[in-house]
Amino acid sequence: MKIGTVIGSVWATRKAGCLSGQTFLVVDTGREDLVAADQVGAGVGDRVLLATGTVASRYCMDAPIDAAVVAILDPNGERKL
Amino acid sequence: MKIGTVIGSVWATRKAGCLSGQTFLVVDTGREDLVAADQVGAGVGDRVLLATGTVASRYCMDAPIDAAVVAILDPNGERKL
Amino acid sequence: MKIGTVIGSVWATRKAGCLSGQTFLVVDTGREDLVAADQVGAGVGDRVLLATGTVASRYCMDAPIDAAVVAILDPNGERKL
Amino acid sequence: MKIGTVIGSVWATRKAGCLSGQTFLVVDTGREDLVAADQVGAGVGDRVLLATGTVASRYCMDAPIDAAVVAILDPNGERKL
Amino acid sequence: MKIGTVIGSVWATRKAGCLSGQTFLVVDTGREDLVAADQVGAGVGDRVLLATGTVASRYCMDAPIDAAVVAILDPNGERKL
């Protein structure tokens, strides 16, 4: 998974019917901004884990989605060398 | 998903039979131009959400397609920090 | 999908049995050269659409292939802003 | 698969229910840091093989995970020209 | 698929049980080094075709593998413009 920071959100005028009710967050992964469906309740500023690809779709009831927030990291939850 | 701007369209002389009737838009994602099937009705200049991979194919009746427009963003629908 | 230009072909001395009979083209996508199975009949110089991933495999009878030519673009078939 | 070096770990305050009990490692692949589920028992400093995509999810009981550690390399287990 | 040159191999001290018996080669694709399962019998110096993603796993009996050598190119088997 990628780690990223939630920097905003988007909403749509028209969209695939099966996307109704989904919240879409903009996540800065350092390399690029991705839009991810959120069912965990993340907000701007949160550090999150993104799952991408078919995995994200399956997690979101098979909606046509290729990125999903699957976890919000603890503020002290990143330990690197 | 990636956010992009529709910058054009393409059409084919020969193609896989199962692609008949599909509209293909060229979408500038900032990093690269992708061609995506459109079933939402996007036009040049629209800001759109792209789903990629198997997810896009499933959304388009399992056609051999790996990118699809799944939403048109509201002109004021992008809120970033 | 990616747009690319067919710049050559490859053939193999040894390969997975299920790849027999497949034609493999080298396609320049601008960012990298990819090798794609071709069932549409593309030739060197053609501008083509590539589908990648599981989608390409399914299109080629589940062969261990992750890129396939799915359309040949019309010489005047690319309209960009 | 990608080769990488385990450089840390992350934990979450909130997460998808099906991620409970998973250990998440941060792996430096040279190009980017990825977070991967670990069921092999890798630790900081280990050189590991990462499988990504749907494959990783299937390996982890279909959890919404797109990267998994599938092997720890032998300290003398990399032979390159 | 990507074309690459086999530049080495890796082996593991600990790994997912279902990876037993697999040979792993390091393949230089020009952009990055990938590790791929080999069932074709490639050796160092060979030019090979790599299939990546779920396709590779399915080719290797659903092992948690996301890259596989599916063909060895003929020494004179690359024709480019």
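Side notes on the structure shown:
Read from first to last, the chains carry the letters A, B, C, D and E; within each, the first residue is number 1.
The rule is simple: a contact is a pair of C-beta atoms (placed from the backbone, for glycine too) under 8 Å apart; a residue touches a chain by one contact, two chains touch by 3 or more.
What you see is a predicted model; the values in this text were computed from it and never measured.
Here the chain-to-chain distance from chain A to chain D, counted in touching steps, is 1.
Taking each chain's centre as the average of its CA atoms, chain B and chain E sit 32 Å apart.
Work out the mean CA point of chain D and of chain E, and you get 20 Å between them. Touching two or more other chains at once are residues 53-54, 56 of chain C. Going from chain A to chain B and on round the loop of contacts, you meet the chains as A, B, C, E, D. Remark: chain E residues 1-3, 30-31, 39-41, 49, 51-56, 58-59, 68, 70-75, 77-81 touch chain C in the complex. Remark: chain C residues 7-16, 19, 24, 26, 32-36, 44-45, 53-54, 56-57, 62, 64-67 touch chain E in the complex.
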